[in-house]
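I've put the structures underneath this note.
Shared between the two complexes below is subunit A, which has subunit B as its partner in the first and subunit C in the second.
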Partner chain A sequence: MVRVKNRYLTVNYLYTGQSRASNKNDATFPELLQFHQPTPDDFTAGKLVRAIRDGVLELFGDYGLGMVNTGLKVTYHSTATSTSIIRCPQAHYEMVWAALTFMTKLPKPNDAPVVVRVVRVSGTIKKAEEEVIRRARDLILRAKMAEAGRAEAGLVTNMLTAVDTSAHKEREREKQVLVDVDMDSAEENESESD
Partner chain B sequence: MTDNTKKRKSPSTGNSAPAAKRPRFPPRPSRNIAATPSSTAYPNGQVNVAQFMRAHENEIRSLENAMKSARKGLSRRAFQLVPRDLRRRTGSHNPQRVPRRLRPQARREAKDDNTPIKKGKSGSGVGKGAKGWLRKEDIKKRNRTKDKRQKVTVRPTEGEHSRHNDSSGGRKSAPTDSTAPPKKRKNFAALAAPPTPASRFRRRQVHKTWLPSHLFHTKRATMTPPKEPLWRFAIPLSPAVKTYRTTHRAATERGAIAWDMSYMATIGLEAAEESITGLLKALQFAKGDEGFLWSMRGRGKKWRDGSRIWEGWIHEREGTLPKPIAQVAVIWSVQRPGSNKRKAFIRVHPSAFLRLWNVVIRAANVQKPSVIVDDLRFEIGSIEIMGPAAMETLCSVLTPTATETSDLPSDVPRAIWPRLASVTRPGELPQNALVAFNISDPRLRHPPKTASVLDDAEDKLLGTLTEWPVDRTQTTPSIFDRTARLASGRLLSSQQSINRRKGAVAVPGQYPDLRPTDPQIPMLTYVSKNSNTLTVLLPWKCVKSVWKCLMQYPCSSGGNPRFGGLQERRQVDFERSMPSFPFDFPGTDAGWEWELKEREARKHEWTKRPRGKRIEWTSIPLGDGRKGEVGDPWACDWTRLLPESHGNLDEEAQILASPFRYLASAQAEGILASRSEATSQEFLDIPHLFTVKVSMVQRGMPTDCARVYKFPSKKPELQKKWLSLYESSKSKNPPGKSAKKPLSHPNTTQALAASLLESPKAGDDEYPIVPDEEDLIGFVTTGNFNLAEGRPTAIANLVLQRVVALEDGGVLKTDSRYDGKRLCIVREAGQTLGRLAMWDVV
Partner chain C sequence: MFYDLNVPWSDNSRELQRTIAFLDELGYDTVALAHTLTGRLPADLLIWPPQTPPIPSPLPFPTSRRLRILRRCNISLTDAATNHRIPQLQKHYDIVAARPTDEKTLAQACTNLDVDLISLDLTQRFEKHFKFPMLGAAITRGVKIELCYSQALLSSDPNAKRNLIGNATQLIRVSRGRGLVFSSEAKSVLGIRAPSDVINLASVWGLGHERGKDGLTKEPRAVVEFARLKRTSFKGVVDVIYGGEKAVEEKETGKKATNAQKRKAASMESTPVSLSEQEKPASKRQQKRNKKAQEESEKEKADE
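Let's look at the complex of A and B:
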């Protein structure tokens, strides 16, 4: 059966700059939490779509907007955890990705500096959801460790960083593979459609 | 648009949307995945670790829920949740036709879908569709007479009597005068009447009889069409699910496959041993094996003692060359001590039953003292089971009844029985062995448990199998005893009472205790070498309960035994390259009848198709200017192969009986090898058919009705072409190719070029054309892809006269066995290409 094919981008919003949280001066506030801060509620799914459209229009012009607009939808948008899943047309998901990457600030009223990171490109929503779950688990674990580390800072810090870096490396490798795989499958699909 | 009140009303009166615009199915649950906003996750804007973790936990939960609902949301409807082989067409619109647990869901869906629910219209009694209550008067009248009858028979004490009479005499001897003493059994043999079915099933069995497991099969298999029963039975043709490969696996590799073969007819003989022996000799039972059969020692002796069975052909009495009737199994009963009478069963396929019955009766009257012949068709049912797990299934389901004496000698059949569970092939058991004892109702031991194999069982089993003490210890099987058969059927308790007993057991899963009043079901199991199966003989009424438990036995290799229909029965025989009776024996009357029936069916199939999409038989080019199919294209047109002298048979005679005789394979082999010259001439006078196995040399798939030619005898040119085709097919893949020394380069290319030149491909102009009709020697009766061999094979019948004439031709003597193989050319009906094949007598 012929069907419209989509890509699902799993997106994280990271906050590297000044903390918007009131306790920014708290020395004990873990770096992790600062990095993965909640996104303000006024950054809604609709605003995200609009921001993407604007970005695509700016980067790729009317052509890009026309290509992307057909299947663009935010299927999951959680401000509390700064995570979204965005659906976009399979053939042009890179345009959406580019628009997201070039987004440096949250939309208008807020204007907080943000890094939008596409962590996973997948062909089905299920895999995107699994990725979000995996990352959330990972974050919970790290938050726990961070808290424990704060309690006995001196001893554990080294170990923690070691674990952290190794986990990071591991994730990097995984991501590489995943992106590769997705790219491959995308190419395959394209070649099939040809 | 006019307002049509008869049309379906929309479910909600307020909904005025036109029917086409309304969603057909209720909208799927929305795919929005719930997410908590930051303000609720972090109430006071403070970010701390605990809240951070909680927010992410919530995220995980909501996404997992989303995934779960997505899986469910694939909108499977209730009737689709039923296992495939239990789905009914009616299940899609009648909630009553799905399992009870799904009924509420089905009803809800029907309501959402705005489908009217019709209840009780698709069964019996009230009639269907527009006719509705057409038979209302009938039903009322019947009920009234039933009430009257009940009032009459309420008289006490005599009710018992009449019931006995009824069960012994069948429908015809229904009690008319209940005060009369029980009738003495008639001395002359009468055909058995089928048991009277329950009133609500009676009208469906006027022209046919249901098998004991009919209700099981009719839910799961394609049955014979209601108006065209086979041999007056409603027989399952094939399971509703796909089965070709699974049947092959179950029969040979893993698991088991069972058939309810209750339609097989049983003829009971009772007389002094000499009389029965005389009868069997008169009917030339197992002709060719007489030496073994009637000898005073060895297999024949064991057979007559009742510890083995014997399968063979039985013949009509007349003529120097008696006409074979059918392949039968003869089982003797072990002699009851103190009685000089013996009993024996003849088991025969229903297609040949009547012929055999008439012959047996005539032969029985001739014997002195005469033989009492009984038609036990509806008294003895049978189950056949095949496959590696067959024996363990039987060992678990058929449990011997408890005996009074606790210390059983270890070599009586019922003691040996559980030990046989690890037998995986019937060939491991002694040839044609037989085991008989009484079993308890298997429903009391339901669900059956996987047969356990004891540690020392292996050694003991080997000892048992080599010694086979059953030959000594087998007592008279009670299945030969009419009262035992009837009593077991009568004592069977209802499913309800069995359920009650099972419910009363303290520990769930434990079987209820057996009672002395429980029925002792006579059982006899034998190994059939011919069909490679285990056959269980049971009283007709007890087949159902055994069958149900059999189907639910958990095999040690996983899964349950499968069930098969007629098609599977033929398939397993075909895969063993064995002809199956009566389908592959057009030389017998039964097989001839089947062939005529099939002819009609194929013709009907053809006429059903539109003119543009069916083969125009008259315009098939056979090469050399010949046009049109040889003979009747839907048939194995045997009459064309009759010798000149027999050519002018009138149609009616053909319908009654086969113009051919079946020639047993051993005899055919002898004549072909011209070993038995003395009798050859006799055989050549009457047209004979013999069964062969056809396997393809190159490619091609022989199907039913394919034409089998010998190599053209009168066209040496064409014959050379076919032979060269065979040669080239050999050189393409010779068996010891690698051993050949490598050729030098120019030679290789030469050889390659030569081989390319040599073998014309099918469809090329050089490909040899098919021989003339005078070279037609037979037809394929069963042909298909053979999973056991991994290539297409076929069972064919050849006309002896046509084949042997070829050998007597002198010049072409080598042709019949070219290169040690008997070659032929097979052409499918409606095809122009002939394919090389070889045949062997089976």
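Let's look at the complex of A and C:
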């Protein structure tokens, strides 16, 4: 089979929450939300690709960059939820993953300290997207539980149901498309991390 | 169960609390807060702050129920001849680790010292390559080798990263994948990576996925359990589960309390079946004898 196989890495950006929380906000701003802050908007997909390329070049040299460069692409990038899906060649996904692990801050001019965490590795983009949705929903649920008993709980429940219905709609749409794609992707295998 | 056995203790409790909350967020279950000691140890070890972690007030986080915190002490071995007073340290800390700085101290730590872990500063270049017999001796004794990954991640010195990768690769090759423990030595939140990320790094350096996962779960668990057994039981065989209550009631009866509770393990309350009275249940032989005696006395009565 002369098929180019890819791996899709679902990636979260976690922040230290230092600059945000001043001392008086300690009790009110839960740490969970501090860690999962939204990313600053000037961190675009293009900057991310460049950052990964620099990382791979630094760790694995020209050989690594050559191997990885052709298949490297950012398929999904959301600064609001601090999540990305990155496509890379199947044989060398570990290199890209290592480069992400070694990243300590966002590229210039931002320079914010960040911890990059790979949440799932999958062979199909569908599973990667499902993971993104699932994570967002779980995060809202946990934030809601962490703030249980406060006035915002009502607001959070609304957010939760909104994500639920949108995810449901998306799944319905996908089911219609899925039947066609399934034959081709039947042989693609998935590997799960976590 | 993911373990991170090396989180340096810092006096900045806000930072430390954030670090621990981050570890919890990433999925770690047991964390050991570490103190580093160098040189001669003072005679009195009780003056330190390391007693503070069990006290919840400086570290308030809601998931403390899930996260288990241990106390650890790193001894920096600079001179092979100093007395390290390990038994005393063992009383105060859950884990005691050695950090050798050169050949001799490494050999001493591997073969002689009664530590739970050997931790190497992997950002330094070692003159000689690691040898298998030395590390093998440590592993068969039950002492694991620890790789700390966060210094190279964060340091600005380009050599730190290269040394870490070189040393880590060597260690993985020499130890053949067994007896390795991964831990961050993260002074701040930035140095911590999720378990999967660490396993992937290990895989890039030559350790398979299974062994990598072991390095975060099975091996540290062995260290923690072994250390616990060393401290609380006799060679891992005999353990006092419940030593009996202190002799408060005995004072009222006027008896001398000392003799009554002289041997804790031998006291009656330590038997697993709880007895409401202080009598020992009659042994089966005794019961048989009693029964027989009773029957005979009844027989005699009937005969009369």
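Just so we're on the same page, the second predicted complex is superposed on the first by the 138 of 194 C-alpha atoms of A that agree within 3 Å, B and C clash if a C-alpha of one lies under 4 Å from a C-alpha of the other, contacts with A are read in each partner's own complex, and residues count from 1 in each chain.
Operating definition for what follows: a residue touches a chain if its C-beta (ideal position, glycine included) is under 8 Å from a C-beta of that chain, and two chains touch if they have at least 3 such contacts.
Just so it is clear, the structure is predicted and the values come from calculations on it, not from any experiment.
Once both complexes are superposed on subunit A, the partners subunit B and subunit C fit side by side without clashing. Touch criterion not met for A:Asn6: it reaches neither subunit B nor subunit C. Using the contact criterion defined above for the overlaid structures, shared-chain residue A:Val118 touches subunit C, although it does not reach subunit B. Touching more residues of subunit A than its counterpart among subunit B and subunit C is B.
In the superposition on chain A, A:Ala98 makes contact with subunit C only, while subunit B stays out of contact range.
With both structures placed on the common chain, the touch criterion links A:Thr16 to subunit C but leaves subunit B unconnected.
Once you line the two complexes up on chain A, you'll see the smallest CA to CA distance from subunit B to subunit C is 17 Å. Overlap of the subunit B and subunit C contact sets on subunit A: residues 146. Within the complex formed with subunit A, the residues of subunit B that make contact are 31, 33, 35-42, 45-49, 52-53, 55-60, 63-64, 66-67, 70.
Across the complex, subunit C meets subunit A through its residues 18, 21-22, 25-26, 61-62, 153-154, 161, 188-190, 192-194, 196-197, 200-201, 203-204. Remark: subunit A residues 21-23, 29-30, 33, 36-41, 75-81, 83, 125-126, 129-130, 132-133, 136-137, 139-140, 143-144, 146-147 touch subunit B in the complex. The part of subunit A that touches subunit C in the complex is made up of residues 14, 16-18, 31-32, 35, 94-95, 97-98, 100-102, 104, 113, 115, 117-118, 146, 193-194.
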